[in-house]
Amino acid sequence: MIKKLIYILVLVGAGIIMAQLFAGFSGSTELSETARYYVESGPEETGAANLVTAVIVTYRGLDTLGEVTILFTVAAIIAFFMKTREQRDKPKRRVSEILTTGARILVPGTMLFGAYIFINGHLSPGGGFQGGAIIASGFALMLLAFPQANLSHKTIRWVESISGFSFVIIGVLGIFMAGGFLDNSILPLGNFGSLFSAGAIPIIYIFIGLKVGAELSNVVGHMHEKQKEI
Amino acid sequence: MEIFQLEYITLITGGLLVLTGLWGIISQKNLIRMVIGFSLFDTGLHVIMISIGYIRNGTAPILDKAVDKVNAAGQIVDPLPQALVLTAIVIGLGVTALMLAYVVRLHKEKGSLNITNFKDLKW
Amino acid sequence: METIEIIGALITLAGSIFLVLGSLGLVRMPDLYTRIQAGTKASTLGTILTLFGLGLIHLDWMGKLIILILFVLLTNPISSHILARSAHYIKTPVSKLTKVDKLKDKETEKTSEANHTNPEDEL
Amino acid sequence: MNMTWIALIIGLIMLIMAFAAIYAKKLAVAIIAAGVVSLLASILYLTLAAPDVAMTEAAIGSGLSTIIFFYAINKIRKQSHD
């Protein structure tokens, strides 16, 4: 009883703090100074139509690098904890044939859609993280349809390492050939709004997408337990 | 009416979601329900951050035919919180997966999901 | 307002009527299997008609909408098939009005065959 | 004004689903409810003019996160059967 009272007191305290924070909020009608700089000089400097992409890949590119590193650490720890052991008890029921046939059509389509999303990240909504998540979803569908699939963690590791390495290499190239780390103007900016534009942003986003997709697929693949063939 | 605006409503929704998640974390005994509380807390924080970056009657921060370069600054919403939330969501998934891996491991050691059974570090 | 837009609006209206009927079936039907059937059939047709009507109104969106229609046509029946199959596997009760259960018959047949060990019948 | 009403309704459903996620008796129902909260949050992002965030939330919050939760409770169930 006294425990519940303490819980409610904690909750009320948090609510009062939050209400104090919210009381100073009045809906903003114009951009702040930083945002104004990004909006006004972003299209000329980076050439990306999607300003969120411009902020993620170039202005705050170092954050993205750290974020991808966090994901890598998470995938490594989960791989350490979830060593897949061969299943001992009796195999489950057979997977429905409709699902396997559908998955044969849907899995490549899903992966292709993920690739489309991260290639077009600088023009339309989407980007490396979304595309990587969609690729991992396709991977999860594949694991659901073929539970005894022999997925090669080695290939995933290679894709992840190579894309992460290339991401850093492009960033370092920016120091020598352009203004700074992860500067995208090492390639010509091109026509604003076309597919081959915005300098190195599409290439960096492709690498981010491959890396995020490989890491999330690694997480899903380690949570999944391989089953015996029926 | 001043309070009946889009950003106020989403801000209050996010705040209540944060409180609900906090209540789930501190009051539940089941480990998986605590992880669910964490993910609700995450969602609430993201909603709060996005609604702070909203500009009234703004459009999405993507330049195309409707929004040109010259007077974009007066039309679009703040792109900075969106970029932050985008990375935060992905990290949130990583943290959730990590917590679930720990939960599975703890259950393997003790055979229970109840938080009161884990007394190894209690003094 | 051109003729093709009016036709598109009418098709969208028909699609939304199918969606309403699907949700009505979700409330009205007696057990899980019939609910899945009502929901899937009506919502697939309703979604397809709605998307097609939208494509008639905005003719330049038609390509993307046709890809969406194909996607809905592939995923919706498969997912509800898997739902119904899993529900049958964990022995969700059927309504009293149900007379035939072919999947159960097939499974009992298979297990009895397996007991009689007939290797030629594996195909 | 229309968007405001939509946001109000979606926010109410989100709060109800959040309570369901905490207090539902079955764990599977709780996980599905948490996924519904994420899905509705993605609609809220769309009304707040953030399509990038909406895509991320729809793909990760309600897709992958739910799948990982289900894999985890599947493992736990198997461990308690052993």
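A few comments on the model shown:
For reference, chains read A, B, C and D in written order, and residue numbers begin at 1 within each chain.
The rule is simple: contacts are C-beta pairs under 8 Å (C-beta built on N, C-alpha and C of every residue); 3 or more make two chains touch, one makes a residue touch a chain.
Given the structure is predicted, the values throughout are model-derived calculations rather than measurements.
Of the two chain pairs examined here, A-C and B-D, it is B-D that is joined by more C-beta pairs in contact.
Per-chain CA centroids place chain A at a distance of 32 Å from chain C.
Rounded to whole angstrom units, the spacing between the C-alpha centres of chain B and chain D is 11.
Distance from the chain A centre to the chain B centre is 16 Å, each centre being the mean of its Cα atoms. Chain centres here are Cα averages; for chain A and chain D they lie 19 Å apart. In chain A, the positions touching at least two other chains are 50, 52, 125, 127, 129, 133, 216, 219, 223. Within chain B, residues 5, 7, 12, 23, 27, 54, 60-62, 76, 82, 86, 89-90, 93, 97, 100-101, 104 each touch two or more of the remaining chains. Among the residues of chain D, those in touch with two or more other chains are 51-52, 56, 60, 64, 68, 72, 75. Interchain contacts give a graph that is no line, ring or star and is not complete, per the touch definition above. By the touch rule above, chain B contacts chain A in their complex via residues 5, 7-8, 11-12, 15, 18-19, 22-23, 26-27, 52, 54-56, 60-64, 69, 72-74, 76, 78-80, 82-83, 86-87, 89-91, 93-95, 97-98, 100-102, 104-105. Against chain B, in their complex, chain A makes its touches with residues 4, 7, 10-11, 14-15, 18-19, 22, 25, 27-32, 34-36, 38-40, 43-44, 49-52, 54-56, 60, 63-64, 67, 70-71, 74-75, 77-78, 81-82, 124-125, 127, 129, 133, 192-193, 212, 216, 219, 223.
Here chain C touches chain A in the complex through residues 71, 74-75, 78, 81-82, 85, 89, going by the rule given at the top.
Those residues of chain D that touch chain B in the complex are listed here as 3-4, 7-8, 11, 14-15, 18-19, 21-22, 27, 30-31, 34, 37-38, 41, 44-45, 47-53, 56-57, 60-61, 64-65, 68-69, 72-73, 75-76, 79-80. Interface residues of chain B, counted against chain D in their complex, comprise 4-7, 9-10, 12-13, 16-17, 20-21, 23-24, 27-28, 30, 32-33, 35-37, 39-40, 43, 46-47, 50-51, 53-54, 58-62, 76-77, 82, 85-86, 89-90, 92-93, 96-97, 100-101, 103-104, 107-108, 111, 113.
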